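This report refers to the structure that appears directly beneath it.
Just so it is clear, A, B, C and D label the chains in written order, and each chain counts residues from 1 on its own.
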Amino acid sequence: NDAAGFDMNGDESTVSITVVGASGDLAKKKIFPALFALYYEGFLPKHFTIFGYARSKMTDAELRNMVSRTLTCRIDKRENCDEKMDEFLKRCFYHSGQYDSQENFAALDKKLMAHEGGRVSNRLFYLSIPPNIFIDAVRCASSSASSGNGWTRVIVEKPFGRDSESSAAMTKSLKQYLKEDQIFRIDHYLGKELVENLSVLRFSNLIFEPLWSRQYIRNVQLIFSEDFGTEGRGGYFDHYGIIRDIMQNHLLQILALFAMETPVSLDAEDTRNEKVKVLRSMRPLRLEDVVTGQYKSHTKGGVSYPAYTDDKTVSKDSLTPTFAAAALFIDNARWDGVPFLMKAGKALHTRRTEIRVQFRHVPGNLYNRNFGTDLDRATNELVLRVQPDEAIYLKINNKVPGLGMRLDRSHLNLHYAARYSKEIPDAYERLLLDAIEGERRLFIRSDELDAAWALFTPLLKELEEKKIIPEYYPYGSRGPVGAHYLAARYNVRWGDLGVEQ
Amino acid sequence: NDAAGFDMNGDESTVSITVVGASGDLAKKKIFPALFALYYEGFLPKHFTIFGYARSKMTDAELRNMVSRTLTCRIDKRENCDEKMDEFLKRCFYHSGQYDSQENFAALDKKLMAHEGGRVSNRLFYLSIPPNIFIDAVRCASSSASSGNGWTRVIVEKPFGRDSESSAAMTKSLKQYLKEDQIFRIDHYLGKELVENLSVLRFSNLIFEPLWSRQYIRNVQLIFSEDFGTEGRGGYFDHYGIIRDIMQNHLLQILALFAMETPVSLDAEDTRNEKVKVLRSMRPLRLEDVVTGQYKSHTKGGVSYPAYTDDKTVSKDSLTPTFAAAALFIDNARWDGVPFLMKAGKALHTRRTEIRVQFRHVPGNLYNRNFGTDLDRATNELVLRVQPDEAIYLKINNKVPGLGMRLDRSHLNLHYAARYSKEIPDAYERLLLDAIEGERRLFIRSDELDAAWALFTPLLKELEEKKIIPEYYPYGSRGPVGAHYLAARYNVRWGDLGVEQ
Amino acid sequence: NDAAGFDMNGDESTVSITVVGASGDLAKKKIFPALFALYYEGFLPKHFTIFGYARSKMTDAELRNMVSRTLTCRIDKRENCDEKMDEFLKRCFYHSGQYDSQENFAALDKKLMAHEGGRVSNRLFYLSIPPNIFIDAVRCASSSASSGNGWTRVIVEKPFGRDSESSAAMTKSLKQYLKEDQIFRIDHYLGKELVENLSVLRFSNLIFEPLWSRQYIRNVQLIFSEDFGTEGRGGYFDHYGIIRDIMQNHLLQILALFAMETPVSLDAEDTRNEKVKVLRSMRPLRLEDVVTGQYKSHTKGGVSYPAYTDDKTVSKDSLTPTFAAAALFIDNARWDGVPFLMKAGKALHTRRTEIRVQFRHVPGNLYNRNFGTDLDRATNELVLRVQPDEAIYLKINNKVPGLGMRLDRSHLNLHYAARYSKEIPDAYERLLLDAIEGERRLFIRSDELDAAWALFTPLLKELEEKKIIPEYYPYGSRGPVGAHYLAARYNVRWGDLGVEQ
Amino acid sequence: NDAAGFDMNGDESTVSITVVGASGDLAKKKIFPALFALYYEGFLPKHFTIFGYARSKMTDAELRNMVSRTLTCRIDKRENCDEKMDEFLKRCFYHSGQYDSQENFAALDKKLMAHEGGRVSNRLFYLSIPPNIFIDAVRCASSSASSGNGWTRVIVEKPFGRDSESSAAMTKSLKQYLKEDQIFRIDHYLGKELVENLSVLRFSNLIFEPLWSRQYIRNVQLIFSEDFGTEGRGGYFDHYGIIRDIMQNHLLQILALFAMETPVSLDAEDTRNEKVKVLRSMRPLRLEDVVTGQYKSHTKGGVSYPAYTDDKTVSKDSLTPTFAAAALFIDNARWDGVPFLMKAGKALHTRRTEIRVQFRHVPGNLYNRNFGTDLDRATNELVLRVQPDEAIYLKINNKVPGLGMRLDRSHLNLHYAARYSKEIPDAYERLLLDAIEGERRLFIRSDELDAAWALFTPLLKELEEKKIIPEYYPYGSRGPVGAHYLAARYNVRWGDLGVEQ
């Protein structure tokens, strides 16, 4: 049933990909384009079929028309693009049905079987639907549209519950219908190029591993910022808030990959074992180690930017944080005492996701006098910029060329756009391909999810029960000042807000 | 008498710089231009005088004319250049005399006194003359033209003898007339920007020091290559050979700076103490750890390039090496077992001086299979390119962006020309300025010189006594193959001759 | 069902321990005495019952009589010994039955219930019976004598199969009747005091962990030797041989504990996860990395010692090894390139089990000349002597007191008998107590067993298929010389056969 | 002139040892006995003569009589003791003279020459006289009693001045008459067995060096305590105080040996270079990092112990400290941030000199819960007990044998008396022998002395100028409480005052 037995180019097997929730935004913007990109690059098997599934009535032609509007070809590979699009669209179909109707899924099953034409049938369901109808769809797909002789896999999307209890309940429900190895919980940040590269950097270069510990690393910062707000679509967000939306999953996943021990192999289970271990070594967040914020309206250059609560889909007295900063700690031998700072926010002055590793000061530094007093400015820093404009750079001190001895910070720099002319594929392409190939490394296992929720649930409950009021910050600003005080408590300076930046 | 008491801008003191051997090549090409550059940049004190001293008869005007032809202004600072040149030349004078005539130096002394006009007199003699008249000149300058109330310093140039004995004899002679702190033995490689930067990189960055040992470094390579031969001026070279001309001084000095322990301070004596220590920890070279070569004639693209022995100033049966490669070892706790490979040659395919640090393989590398078999290609490497086109880069493995997991070597790169727009000053500027300011860090102390000769003298004697025949290599080639076999013996691959280069 | 819910001193629950194979040697010599020791020390719960189960007919009184002959009290705690013995024996009973009879086990069940008297029933079966009747007994015990409202656990003894296949088959059979957490595979070496202490030493002392890697450790030796042969009872042994009997389990288990990464906690599953990881990082043994031996007869001081094949229960042409030495390697970042040498043998000159850790040479050792040439003698060594006479000692170099500078190897010594007056409990006491308390840390999980067999199975097959002839060594000698050649190949010197020993 | 040229057993050379100040306490108690011990053990050359020199009139016989009363033979080597004593005394002579009389020294010279009998003459002067007549004696000995054809060496004793200025003045005076390599400044603590062993331990054992840095060492304690006061002879002491008497020399010397970098060789100059380096890396002591004390009278068990100021030779209002504790810091890469605590006192509860190295806590310690809260109690500690009863021990945590998991601190122990039956020679024997053999490693060079004074002089001046009142502590107590507060400020707990001790 596994990838090992899957003959990518064979005549004997097929893959059917059903996008459940086909008319949704994500499906249109990300899933269909990613499938097309995979097709264009030759990564899809010979026999494949794509089905859109949703409640609305639509013909195959209407689906194709809808899908075609978001397909693009890589800038660097425009050749035969139209032709390829046509071929791709011919293999896309639509099936209308309710998400909780076994009958409708059974009808889908029939269509799929027709397309499979007697070959080994492998089926991937991508559930791009709201959490409340999730389990119903799994139940129906599993019981009425599972493959008879190949594999059946289901990609599910966050939110994976709101806390430990609801998440555990959802997992329990899923496991009624699916085995662990059929469930592919997606966190699209794990598909990002630089996140993928993180393990390569650590484990294939001699020079990083010795530095990767409390002995040399002073702190680690995981920063996510968006330069726009909810923009009238805050309904879903308001129910979850930035901590659940970004921190507990995306940033925590990156942290786990960053901080985990060397896995025994690169196999999915070994990597996920190590991620679980590091999550289990962490202390649950305490209220005093968290700062929350919410953006307020702001007028700049004559333009007026709305407050979060100006969003029509958000209640006027919402206390949902649109910004949060937190200090986390890993109580193991490698990281004991090293603060891991997270920061995530909407409606900030910039758009950026990055990992910043600040190294310790040089002990007994001979060159101290050359730096003046601001020692925090002179330590080495490794920055992995996940988006936009992927880059890795290492800040080092060197001598300014010329007479005299003046020190300066330079960057040992690897800028992807400059080095690699190829366009970097979207995270969804990688993840879809992995799901098709049965590669589970970048998907989240149940016990990982449990461990992640265990860290955040007490905090989230306390925030809500105590109705903690967020610190208000202007739309487009650098966020609440509280984040600085939090950092200062652990002797940290945010790397993204320095003078140099 | 020291720099501390020297008032750079005061009215009360003067500096007189006498270039002994003023009509020589080095004086014209390097010393006078460097003095002008210092003047142009405002580094010379208010009251200074420059004297050329040589045997030939010349007027001040003739000297000025000669000198003026080699002066240039920095490309990035052409402003007022002509004006500045005129001012500078007005302060240049000429005095004709024999190098061994106390009388002639006494006459110079009078002229100097006249220029000093009763101020505190500080005098710097730059001896740019052949070794056989060296000591005479020192004797005369010291006894007849020393400063009465300020300091007197003498810059001397290589060759500092041909072996331990002759070097010791020369030092002994020098010390009859000068104290150690008056002697400034110049090795212009120590004035190179990247060599200066070496200590900054190591000691002001946390991330390099932990890696700087046998535990992480597999080997270190010090490479010097010139793409031209002796070109009709091999007379002096033939007496010394490439080992004395390049290895025993330039490359060994760089090695000592690279490998020394952290000095207790950045003061000259502390740094030089550490350099002596590391030299004393090295084993003298053995014949079997050295490969010598000599270039032979070669015709390429219709152009014919001469053999070394085609040089009219070289004897037809000369065995003098124009190329040498050697493996050195430092028997201390930091470097035990790490081969330090040196390579120096003339008439090679390229012009380059660089330090290459090859790191060890990642133990238990998870990614081994991704590299195929050529593991030597995949280790990290730090390259410090001293000339031309100064640069620092660090070769790391990273993931090629895109689907699938393919590894690739990238460079974390710091390219000086790209980063720093200012022109990098010539090594002579730095060294002259240091001598004027009494900064001895970049000059070679007697015990350093002794330690350096102790390493090379037995080898040099054996080479000459046994009349070892060099391996012949074509002009413009990559040098003798023997260098590869030598490297292979210590499990090293020359970094400058890889496929990538 | 777990230990957490088990009320040790409560009135409400009972533990019934059934020793299946009660008339066997192990039962008499180890199991009953260990149970008594636990009782004497107050570790057994208030309500407990012990049942002997075997095929022979016996009364309770006969069992008690048989058992009583092997009970002893700790030398240091003789108080009330007889009284305690009487009390203990009163709680021992006998039940005769076939090992494959559900009926007989059902009868046992009734007796157990009677003793339990309506309390919560917890049942531990200790299977001290040959492998061929193993599964039958498990089946019967499980189906006819399981606890209705408490836990049921089964302790099983080696051999756990003869190779990967037979072991997997046995595991599969066991799992038909028991869940993983009911199976307690015993390796009594894991209950040894010093093996238990191994993790404490590594993880609770700062000074050991930094040294615990390839960087400082040159090799690790795991040595088991007995000073007697099979002595007429070689039948079972001949079927398995020393590699299966000692190496693949006892020594490999110690190795795994020694070499594993830090577990995320001290919980059983976390420790066992790490043990599996390190076993999976090892290369399967190759024939060329193994030396086998068999003892031959030897006459010393007029006494004649028999050859292995003189044992009546062993076939005359048996090639079964009574000695083996092997080199193993762990391909992970910590241990890459460090040889782990194992040696196990019967009929050798001494009785001993120990772990020897030989450290690397001091790089650039200043004191080299003081040691003369035999550098292998002067490196540091950590010795953990498991039996007899438990001790930890660290060999260090120090100066011999007195004038002059002469170096000497001293021992930083911790000798248990000298330090701790208390008698050290037998391994079986610890393991039985752990099984009662549900502590699984020292028992072997299925995946551990699989990983262990995966390392040894190809070798064992090759040895048998190729009928490799063992090297013969005299009874009472130091074993085959081949073990030295094997060690020498990896630049190792056996620590137990040095001059000092 | 050097040891290299000294033929220990030859017929051709002699050594004459003149003890200047022969009637003093030190001469009687230490110097003559040490010379006899060297003779007894066969370490003195064939031809040697010993002269006592002092102002009092005495015959050779009287000197011999006086000397004989303090000679003893090693407990373990009583053989022929009386005989040997007689032979030794026959070679002892006396010469009466003023310390500032060239004439008297010239007369000595004649006697020495007579004894030398035309052989190569080597002369050692041991100046055991007060500082005020020091220089005079050096002058006279140098000008009137120097060897004509061999070496002349002078052993001088502390005090070497009272501060930087007086020490520099004394050095300057000495250098008028002696070259640096003729001066042997003695610090008898450097001759102690365990101090000598310190370098052996560090540099010949792989396992210590990696731990020898800020990364693993939390603090270092240098502790000197005496259980008696000045006992009526406080005159000299009162002028100097405990800081000058013990800290600035004995303890600081030990600290330098402990903390220095690896020397390039074991030669005297290389070791002393490293000692100077580490002293120069230290910060001068600040008043706030020092606590001073003075003992007051105390009655215990009916016995009354006097106050310091009860000493008749001490002024009633003396503020001279008889106790001091200080925190020192070394600003280099190895020791940055590690407190080095010194403590020295008279009239304390015990007599002891020891070095205690406290290691850091285990990061992320798995066993934390087993220790309860007093984490300071559970870290590793290395103790070098210099006197009395030399020993090295390493405190480690291990498991208490027995069921359950209880941790305990044990000692990996090397107790000299138990391991080495030979009596350990007195420090003076070693140092006298070294002086005879020209081995300078254990003597203090001028620049070392300068560096040591530079650290203490500002503090000593401030203490005296501000008339800082010492904290009074009872005779026989554990010293002032202030020492605990000082330690606590740097998060240190004195290792010698713990519950365990």
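We take it that a residue touches a chain if its C-beta (ideal position, glycine included) is under 8 Å from a C-beta of that chain, and two chains touch if they have at least 3 such contacts.
Everything numeric in this text was worked out from a predicted model, so none of it was measured.
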Using the touch rule from the top, work out which pair, A-B or A-D, shares more C-beta pairs.
-> A-B
Could you pull out the chain whose C-alpha mean position is farthest off from that of chain C?
-> B
Dist(centroid_CA(chain A), centroid_CA(chain B)) in Å evaluates to 53
So how far apart, in whole Å, are chain A and chain C when each is placed at the average of its C-alpha atoms?
-> 47
How far is the middle of chain A from the middle of chain D, if each middle is the mean of its Cα atoms, in Å?
-> 65
Multi-chain contact sites of chain B, meaning residues that touch two or more partners | 209, 262, 265, 281, 332-333, 362, 364
In the complex, go through chain B and note every residue touching chain C.
-> 214-215, 281, 330-337, 362-364
Chain D contacts chain C in the complex at 38, 41, 43, 193, 196-197, 200-201, 203-207, 209-211, 216, 262-263, 265-266, 359-362, 364-367, 370, 378-380, 390, 392-394, 396-403, 405, 407, 410-414, 416, 419-420, 422, 424-425, 429-430, 433
Using the touch rule from the top, collect the residues of chain B that touch chain D in their complex.
-> 209, 261-262, 264-265, 270, 273, 277, 280-281, 332-333
